[in-house]
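A, B, C and D label the chains in the order they appear, each numbered from 1.
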């Protein structure tokens, strides 16, 4: 077996890379993002999202764990506190477990969050069937 | 933060649990399986598959890495050697990387393999769009 | 096999949990931290660190990948840019790969960063031999 | 961000690679092994072990989950059934959770097992302090 090399470290000055529109098919209200990292071997990825007041992500399922740091604003996940989910104000941390279903992720005020994902997001139809599987690879191509 | 406990160890005598039919919608030719383990936090799972001569799995994509030990028979993955994939005879090991697309996995003789999966299998239509996402949870429910 | 449950989601208002001193044996200069999450199954964990000007972490090795978001200040990793490492100014993202050795991580100004870790930190002697292995479990007990 | 490539698949005919002695410092009784795979990004690895009657592994701790398939013989883990651990006869599957401490892993008869590891093995002194950290990289170099 040929010896394998350690993976390279990476460092990104976030202000030096552009905000891009997050796909309209997967979100509403003008969400922008910066893709920060892809881990092709594990199928992991990291990004930062800029979410204007009133914006939201379309229904999706996490098929691996995801962790976020809300750095600005407010985030209603899984419908928000009134619907049994969580409502958080920056600075906040959240752990979204594997197979968490997010019917609505909503930003009532201008917000920003950083998130690491293990595995893809599966955007879903109303009946839960898969619409699109967004792995690290679809993510990097969407941002490129 | 409440302290969390270590996850429990598990041990399974494989002959003491039943073979069950693997879903017809996802395979052909009478494949049977035993689900051995689910890891709800990582979204990982492990199983052993009994594959009669002539059986195959339907087209699918791994969205995280998978590793297998072929303990009996022969396995043609990614179309087999003649089509640019791999053809292996037991005992053999294989690493299927995240985002590997398996249009056909075929067993020319009676075969058996054990496999660990990080993340789901996404069974796909001919155009690559998702048909069914089989996570550790769908897997455990299909075997239960 | 008994069906397993999905892991619970978690949400933490960061200002509602206390800063605690990071162990003196592993750092210099008054670093404080908040442990945000432990993943006992994967062996992963997440924390936020408050690093006064002039503080540093003692030599350690990452034995799984780690990702950070520098939210304030400046961070010199792997000796900083002048020594072949990286020097970053907030806002910045970094990926520290499995087996990355950090002989010095230094904060020239008051800084803060959030980091997710897969696997433990191994603090090391000058010859590289292990001094202490800090897994998710030692981390949660140190913060408790 | 430059687009990253999918990781390559791997396939190994196990009989075509050599058995090598597992380090004496970490085991007793003539254990041999074949390293099958290293995953540098995740810090994971896979190997198969040939364990003569009476052989054993020295005390160690798993710092990430490990899964094994016992293909021949018998294995007493965590002291075996009489000491509160598990005793398994092939064919058997086992899941060793993150932070599982294995003071003794013993093979009363000629045995063989395949195992996948996420993260390193930490071989430990009697007081639990670290003696050696065996990551995917030390493993590949020991086998090379």
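Operating definition for what follows: a contact is a pair of C-beta atoms (placed from the backbone, for glycine too) under 8 Å apart; a residue touches a chain by one contact, two chains touch by 3 or more.
Treat the numbers as computed from the prediction; the structure is a model and nothing was measured.
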Which of the two pairs, A-B or A-C, is linked by more C-beta contacts? A-C
Counting only C-alpha atoms to place each centre, which chain is farthest from subunit D? A
What whole-number Å value describes the gap between the mean CA coordinates of subunit A and subunit C? 22
Using mean C-alpha positions as chain centres, tell me how far subunit B is from subunit C in Å, no decimals. 35
Could you state the distance in Å from the CA-based centre of subunit A to that of subunit B? 28
Give the residues of subunit C that touch two or more other chains, as numbers and ranges in rising order. 6-7, 36-37, 39-42, 65, 97-99, 136-137
Touching subunit A in the complex, subunit B uses residues 40-43, 61, 63-65, 97-99, 118-120, 122, 130-133, 135-137
Under the stated contact criterion, what part of subunit B meets subunit C in this complex? 1, 3-7, 17, 35-42, 136-137, 140-141, 143-144
Could you please specify the touching residues of subunit A with respect to subunit C in the complex? 6-15, 36-37, 39, 42, 46, 48, 65, 67, 69, 71, 77-78, 86, 88-89, 91-100, 114, 116
